[in-house]
Amino acid sequence: MQKITREQLIAKASELLSNGTVSQVLGWGKGEFDYDVTPTLFSSAEELENGFVFNDFCGANFSKYLVSKAAKADGKLLVFLKPCDTYSFNQLLTEHRFDREKVYAVGIPCEGMADISKVKAISGDGIASINADGDNLVVTTLYEDAPITIATKDVLAERCINCKSKKHVAYDELMGEEGEVLASNRFDEVARLEAMTADERFAFWQNELSRCIRCNACRDACPACTCEKCVFDNPNSGVENKSPANEFEEKLFHIIRAYHVAGRCTDCGECSRVCPQNIPLHLLNRKFIKDINEFYGEYQAGEEVDSRAPLVNYTTEDLEPGEVFDRGDNNA
Amino acid sequence: MQRVGVFVCWCGSNIAGTVDVKAVAEALKNEPGVVFSTDYQYMCSQAGQDMIINAVKEHNLTGIVVCSCSPRMHEATFRKTAAAAGLNPYMVEIANIREQCSWVHKDMALGTEKAIILGKAAVAKVNLNAPLTPGQSPVTKRALVIGGGIAGIQTALDIADAGFEVDIVEKKPTIGGKMAQLDKTFPTLDCAACILTPKMVDVAQNDKIRIFSYSEVAEVKGFVGNFDVTIKKNARYVKEDICTGCGACVEKCPMKKNPNEFNLGMDNRPAIYIPFAQAVPKVATIDPNACNMLKNGKCGVCARICTAGAIDYTQKDEYIEEKYGAIVVATGFNPISMDKFDEFAYNQSKDVITSLEFERLTNAAGPTAGHLERPSDGRSPKTIVFVQCVGSRCDACAEKGKEYCSKICCMYTAKHAMLVRDKYPETEVYVFYIDVRTPGKNFDEFYRRAVEEYGVKYVKGMVGKVVPEGDKLKVQASDLLANKQLHIDADLVVLAAAIEPDKSARPLATMLTASMDTNDFFTEAHPKLRPVESPTAGVFLSGACQGPKDIPETVSQASAAAAKVIGLLAKDKLTGNPCIAHSDELMCNGCSSCANVCPYGAITYEDKEFRMPDRTTKVRRVASVNPAVCQGCGACTVACPSGAMDLKGFANLQIMAEVDAICK
Amino acid sequence: MNNNKYLREELLRQSGVNPKKCMKCGKCTATCPAFDEMEYHPHQFVSMVESGDIEPLLKSESLYKCLSCFACIDRCPRGVEPAKLVEAVRLSVIRKQGGNRLSADDVPSLLDEDVPQQLLVSAFRKYSK
Amino acid sequence: MQVNEYKPLIVAFCCNWCSYAGADLAGNNRLAYPADVKIIRVPCSCRVNPTFILRAFQRGADGVIICGCHPGDCHYTSGNYYTRRRMAALFSMLDFLGIEKERTRLEWVSAAEGAKFAATMNDFVQTVASLGENKRLEDLRCKK
């Protein structure tokens, strides 16, 4: 159950629309089902009342939408940002991807969002409705007579279980209480993989990446992937390719995708959220983040506007690539 | 499709000995685009080059591959050959089948196989080559020298001597810098003023040189050959062109008690002042923080006394925009602050001074008219302790001091000690040293003279603490060779403070996009081979802004920098390297990744309007590469996430084609 | 010699001192208030430990003359921290069987109206296992 | 000397100013190394895009080595510092995906280090040869 309600958000949005602070609202819109919430632009209190939703499935990070939508809006654009979204917001500002003056950002608290695939794993398919009831979700399906009650905490998305921060690093206005940067265990899974043998790791990734259907959802949802034209669509890049014709290209795509956001990725987890094949893509990003933290000192992309990403920076004392693999031995 | 000609060189038996050149030529015939393939004994000979020229004409070749020695050897040669044949010189690729094939492999079969592969890679690349034309940019034939010390003065004089106009920007009211404050110079002991002031006069009288004193650089735009610089001329409240420097105002000014910067605060000056008698320009300056008229409108004595009418209380800071082809940084150094060195009691006793202060104390134009007197009571000191390496050669992690050796202290301390013993032979002089470093012509001889002829007591060890007690300074020190602790009652303690770059250097480096090391010394383009150039084209380094230096070294570097500037300004046009980065605006996101990694500051951003497919327009921030500044390293091409940035001559597709050819 | 090598490494490990950083300026010794009491001075501790010449130090009264005032640590331009090395050598002696410099029985004889209690406590801690 | 039948394919990216000159010097001094090494000249090691490395593996390379000026000696002052970070991140990622880390290497070879160049190549070829064919990052379509 979120601490902030749909009604509070609509009231805030309507107020800002009516007093002229903003001309449009970027918010979560009603989809076909209760769980497929869609990013939507609202222009009036009426539209908000009819279409705006806020529930445990509002995971979408709106920062990326600002790149295209903020420039087009006549006045300011209101955007609701969960704590993790604000990091992407700052990172995009660092990269000059939208005009800060065109945006009115309202920070909202987040209790963690649910993962629909985890819900379906319990309830089965054919979900007709999902409603929050205290700390539970009540699910009705076409195939079950009685509603199924699921504890929300049992179906939280992986990124929310390992939430890195409940603190907003950017906003014009904050609703609810400000949270703290959390000590999360988000690198545990990466560490577990690192501890495996190379063969085991290869088998793990072979299994995961071979499921890729190259739908590009990870790229399209990623707030760091805002290129005017992606390198994979650029014929002059030499790596242009559109489909995962074989396993090399699956790997190539995912290595390059992760490499291109390395140092810029805020670890918002959108890539894994949107992956229809449930590939744990965030692990690739977190591997880079973990490495960068260990090699070059702690760095959280988006924590500060105008911070210099580690891969476009250096010190004369940086470790050698060969030393990367020796570190463990030295400590032993 | 290109029409490629392949020319395989035997290099006598150098290549042909381990590579079957005929087989190579034959194999490459079948590569895509190749219409002609041959081999010859010496491709670089006139006959070989003629063979290429004829083949280009005969077969309408558009690209050339020479399989020969290293491109580092003969790429330039074959580019000229191509140009002679009417081709663009950048349509040539070299396959290095000598240094990287025949000379390192002994097996004919393996060598031939590898030579064919290297040839294929070159063919694959040349198929994607495009004609490149080096950019040309005009050169503004004027130079700017930032800093008017001996470095800046020498550079300016040398440039002006070659017939080019030079402007000097100096933030103090006069040029002269640190050298003007010195008494004598080592190792010859001639007086600093006697050799410096004539040069200052030369600067003033040279019609090619303009001096912007009491001024600073406010903004730098542009690039090599074409800098646009904004100079901020601070208000000195005296009209420079009218003031005769007679000094009447200085004498009559009632606000007399202001610390005199030129004498390092050891005496006072009036609110209106001329730093020293030989100042250039010899013009008065009003200190706005000291002048009663400027502070509360009461006084006006100087304006009344000035018969020339030069005083102007309403003067404002002035911004002047100028164009230059080259910029020389000569911002110099300062001694570091002694605030953190409590053990030497610098802040507790007036009789603990820095070496630069000692220079003023012994200078005939200084606060004591050259008589060595203790700052506290004016008595002449009987025992003087010199301490070396104060704040130099410290640990990188130490809270105080610098890691480097300040280089000049050993010699000036020997000079000071020698001068004291010479003028006041009854004075006892101790020098505490860690090492005495005297590389330089006649330097060690000079130091030995101080010890052997003048009886200066050099003690290997360091001073641990100085405690003022009564009118004495209790100095506790170690004598490491005697394994003793010494206790000396000194009258004067002189600290050889480390030197550091002037504080103005850091913001200036940012403006110039010139790089600095962690100590804020400017970095040279190459530590051995290009010591007076900064990595930023058109920016040159003169004097101690690049590292600690004594006067002879500073002057030689200043002249070297001038020579580099003259070489640049002598050109009418600058021809660039055409293998530079360029950005595809349609794909650029304006994310600044490329600009962050560019070592030369060659990338700028502009907001550009783009027509969208739906006929609307959209303004986007996009990168543009300045062809005159880009050196073609390619760092930006990898930083660019979208692949909008590419490198001409080493394009993504070209390198990938080479990879493919090798791996086929 | 082997024994010395082991002891040397142990002393360096315990103290965390890197004697190679020393540039032999002698500022530590220059600043030492206990110089006249000490047979070996701070800079000698650094160079003797570095060269493995540790035996004389182990036997020297200097170990107990060092005031642990840390002036040498404060003044060292190279961050070598000689006092930590003196401390490490002292510890290596008093930690040996029967190595205590001060036993509880000695204390009463040392009592003196002018000696502050605190000093005895601190000496006891410094000189005993 | 151990005779290894398997001939690996090694792609070496060398910066024009130091390592390529170092390779030339190895040639001038006739310091032998296996013909399996094929050098591609780039202006600076920082020109080497990770995609080039992956491309080489895709097309059948068994090892890729990048050589640049020693840190601090870069012709472009700082290019190799970026290379060092990029390659540290990339190599670590390849290792994370289970691709043998011995197949990638970054070495600093100056223009004076012809002997080091030859020794490095000998060592790298031997290392890669002992791993055998690159199977984990290959594209079967590119096989003959």
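Here the chain labels run A, B, C and D in written order, and each chain numbers its own residues starting at 1.
Criterion: contacts are C-beta pairs under 8 Å (C-beta built on N, C-alpha and C of every residue); 3 or more make two chains touch, one makes a residue touch a chain.
Treat the numbers as computed from the prediction; the structure is a model and nothing was measured.
In terms of C-beta pairs in contact, B-D outnumbers the other of B-D and A-B. The centroid of the Cα atoms in subunit B and the matching centroid in subunit D are 35 Å apart.
Annotation: 48 Å between the Cα-based centres of subunit B and subunit C.
For this pair, subunit A with subunit C, the centres built from the Cα atoms lie 58 Å apart. Multi-chain contact residues of subunit A (touching two or more other chains) are listed as 231, 237-239, 311-313. Those residues of subunit D in touch with two or more other chains are numbered 50-51, 55, 78, 82, 86.
Residue numbers of subunit B whose C-beta contacts span two or more other chains: 597, 639, 652, 655-656. Taken chain by chain, the contacts fit none of the simple shapes, being neither an open path, a ring, a star, nor a full set of pairwise contacts.
Chains touching one another form the pairs A-B, A-D, B-C, B-D.
Taken in their complex, subunit A has these residues touching subunit B: 71, 94-97, 225-231, 234, 236-239, 260-261, 308-309, 311-313.
Residues 21, 23-32, 35-36, 41, 43-44, 71, 75-80 of subunit C are the ones touching subunit B in the complex. Those residues of subunit B whose C-beta lies close enough to touch subunit C in the complex are 343, 389, 391, 393-395, 397-398, 401, 434, 460-465, 476-480, 483, 485.
Residues 50-51, 54-55, 58, 71-72, 78, 81-82, 84-101, 104-106, 136-141 of subunit D are the ones that touch subunit A when the two sit in their complex. Chain contact summary for the complex, subunit B toward subunit D: residues 70-73, 96, 98-101, 103-107, 110-111, 113-114, 117-118, 121, 515, 523, 525-526, 535, 579, 597, 599, 631-635, 637-639, 647, 650, 652, 655-656, 658-660, 662-664.
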